[in-house]
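Have a look at the structure below, then the notes.
A, B and C are the chain letters, set down in written order, and residue numbers restart from 1 in every chain.
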Amino acid sequence: MNKKKWLSTPYLIWMIAFTVIPLLLIGYYGFTTRDGSFTIQNITAIFSPAHSKALLKSLYLSLLCTVVCLLLAYPLALILKNKNVGQGGFVIMIFILPMWMNFLLRTYAWLNLLDDGGIIERIFSLVNIPYQSIIGTDAAIILGMVYNFLPFMILPLFNVLTKMDENVINAASDLGANSFQTFIKIILPLSLPGIVSGITMVFVPSLTTFVISDLLGARKIMLIGNIIEQEFSIADNRHLGSGLSLVLMIFILASMALINRYDKNGEGNAF
Amino acid sequence: MKFKRFFSQIYLTLIFIFLYAPIAVLIVFSFNSGKGSRFDGFSLRWYEELFQSEMILDALWNTLFIAVTSALIATIIGLISCIGISALKGKPKAVYMALNNIPMLNSELVTGLSLMLVFAAFGLTAGYPTILIAHITFNIPYVILSIMPRLRQTNKSTYEAAIDLGASPTYAFYKVVLPELMPGIFSGFLLAFTMSLDDFIITYFTRGAGINTLSTLIYSEVRKGIKPTINALSTIMFVSVLLLLFFINRPKKATNEIL
Amino acid sequence: MRKKYLVITAALSLSLTFAGCSDSNSEEANQGNVVKVYNWGDYIDEDVIAQFEEETGIDVIYDTFSTNEEMYAKIASDPSLYDVICPSDYMIQKMIENNLLSEINWDNVPNIENIDSLMMDRVSDFDPGNKYTVPYTYGTVGILYNTSMVDEEITSWDVLWDETYKNNIIMQDSVRDAFAVALKKLGYSLNSTNEHELEQAKDLLHEQYPLVKAYAIDEVRDKMINGAAALGVIYSGEYLYCSEENPDLAYVVPEEGSNLWIDGWVITSGSKNKENAEKWLDFLARPEIALKNFEYITYSTPNVAAQEMIDEEYLEDPAVFPDEEIINRCEIFQYLGQEMEDLYYEMWKLVK
């Protein structure tokens, strides 16, 4: 039986080569200057106005996006559960299907919809409502984020809700709880693992995105993802880029730790 | 109660529209005779151009090749590791799982960047191998998360019974355990394939000269103004996946088991 | 049913894998006869690539970038990634200083004599002794404006700070170009290394931020053609194409002066296909090829032999081929050193 253990080693080596060492390398670059001497300036650089502004903006937009996703997805998951669709796979497919159409292209399509002279403007002008393009504003970026990451919130919620033991809910109403009480006291606490993993899966990509802001932000809005990406791709400064990445990672880990306190069983897996 | 049902129906429809409106736009514009954001009339022009555009067809080929290969390798490695993990206990297991979770927590941005740095440090020239390694790296965790729950549920006693009846451990594994894991393996593969197919960020940082996937090609074209040929291609891909799913779903409701 | 999945999956994967192996093998075999080209987006007539492949039997691996800086980051991380690239003046200087380029053997590029000797003189400012560069295009940076949306005659950069055009301005999204506009408006050199001057330029650009509809590079062209904005900062080479698509568009180089830029083909120091790269350079300097490219990308060519075949009408349009008077107002970018570049970029991040 113990021989089986060795089956885990190939992937362990793989992880060391392509997960651990790369991270150590980020750490190395993050704490050195261009000429290789030690510095902490790449870390403290997060406090410079341009960087902290971008980080705060990213935090604000990704939190907002997470809240919107949760508020949109929870009722949806409840409705789907109550509909007793049965064919879980089919429901899930409906939300995974858009992913088969390229993510950049789908986001780009929003540009066609929202931009000046776009489809929405033409629809609005038919009914004589003035329309101001939201491209280049926070609203456009939130929309892009919610659009792209909503399925990641729906799936874990749906999963956890359908697996919930009906008897518990029935027992609550038998004991005289109204539907609101049942929801607050029973359904919500039991669905916490789903909420937690949904939040994780929405918050992290939206905190670090640079593509959505690039496409829908008219490049007027710099998120921390844009700053880091451009340190590598434009400023050719992998040291500063790595330093800022380290800070970003700390933020992610801290928020994960915070969220996971609510998911003690660690059962909130989406798939 | 009726009101409630009506309301939920509306809600479902709205979300559905939200998710599918951009896709509808892309499909409609793939039949546009003009190039801009105004619909000038129906035409199959972009479909014709699509099959003449070597660049797009190359990118399509690369995308599919990378998605299938990386998903396949990730599934194999993932399956082997799952069996290994199941034999681990306590601290080593926790550390192992924590390492496995890093690419998922780390955001694609940091994963992509750190892999780019490591390839440069190892002196690997960016190309197919680097993209593949990168995709496999971020695919394996999804595979493991799909297979592990199944493995936990499998009934140990059937495996032991098979051994008692004289089967070799390998034979017993193939005959007893593997079939039970199959839905998990398949969903892991599908998930890995989809993630890889839709990935932009990691490919963007690890790709080499002249190798484009659809994502990176689209990203560079977005800046110059996208041509509807890409819409045409996406429409074809979307419709074929839709049909495929439809047929898989029809005869038996087996997709339940997939995800 | 499960078995069926397995079979389908396996079959699909295997067939793709095998096909993939054979595909990469054939690429491997071709390795000896390729040239890896890294060019600006939409900066060549694709027929020219096909013609080159057909004539020489060399496979062209073609890739594009959208800023000099983006290109540099790639090449600096691995100089063997591409064989020939097409950077601008100051970036060529930077690459020479950092040993990223390889000297051209002019015996293999006889068509260099088609290039304007005056242009070769200008190139020697950033490429001393003309060792590395085959000039490809040149031009100015100016304002493209839509005459149906702008009533006044534009002569100055000031218009880009005019409140009446709020949300109607498209600004260049590249560090040096954006700073050049602000520095010139302030009356400074666009190669300023004076921190105080840069600070002022940064403040000016920040002040402009609320008026800007979008920061863009390659997209400026399409947006201006579609009438999405009244004013756009753009390279002169785009003017001809834009005005043909939308006759309302006009181009001006403001009187405070601007940037004169030269894009040229160079060979990387890591190139493993140097002879093929030189064939590429020579091919592009052929008069009829240069003409073909001019007709497609509409950027002015320094190829004298090609110019002889171009319509008088274009040659005399100062927006297409800048005249002496305009050129005298303009400055060429210089590479200012890594420290200065970092400073420019630090400042640029504070603009948005």
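Simple rule for what comes next: contacts are C-beta pairs under 8 Å (C-beta built on N, C-alpha and C of every residue); 3 or more make two chains touch, one makes a residue touch a chain.
The structure displayed is predicted, hence computed values, not measured ones.
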| item | value |
| --- | --- |
| Common touching chains of chain C and chain A | B |
| Furthest chain, CA centroid comparison against chain A | C |
| Pair of chains joined by the greatest number of C-beta pairs in contact | A-B |
| Gap in Å, rounded to a whole number, between the CA centres of chain C and chain B | 36 |
| Gap in Å, rounded to a whole number, between the CA centres of chain B and chain A | 17 |
| Shared-contact residues (touching 2 or more other chains) in chain A | 115, 117, 232 |
| Residue numbers of chain C (touch at least two other chains) | 226 |
| For chain B, residues contacting two or more additional chains | 37, 116, 254, 257 |
| Touching residues on chain A, where the partner in the complex is chain B | 1-2, 4-12, 14-15, 17-23, 25-26, 29, 72, 75-76, 79-80, 82-83, 86-90, 92-110, 112-113, 115, 117-119, 147, 150-151, 200, 204-205, 207-211, 215, 225, 228-229, 232, 238, 241-242, 245, 248-249, 252-253, 256, 269, 271 |
| Partner chain A, residues of chain C touching it in the complex | 67, 69-70, 72-73, 76, 173, 175, 209, 212-216, 226-228, 338, 341-342, 345-346, 349-350, 352 |
| Partner chain C, residues of chain B touching it in the complex | 36-37, 61, 64-65, 68-69, 71-72, 116, 120, 125-126, 128, 179, 182-183, 186, 189, 208-210, 212, 220, 223-225, 252, 254, 257 |
| Touching residues on chain C, where the partner in the complex is chain B | 1-2, 5-6, 9, 12-13, 16-17, 19-20, 23-24, 36, 38, 41-42, 61-64, 66, 77-78, 80-82, 217-219, 221-222, 226 |
| Interfacial residue positions of chain A with respect to chain C in the complex | 34, 48-51, 115-117, 135-136, 218-222, 227, 232-237 |
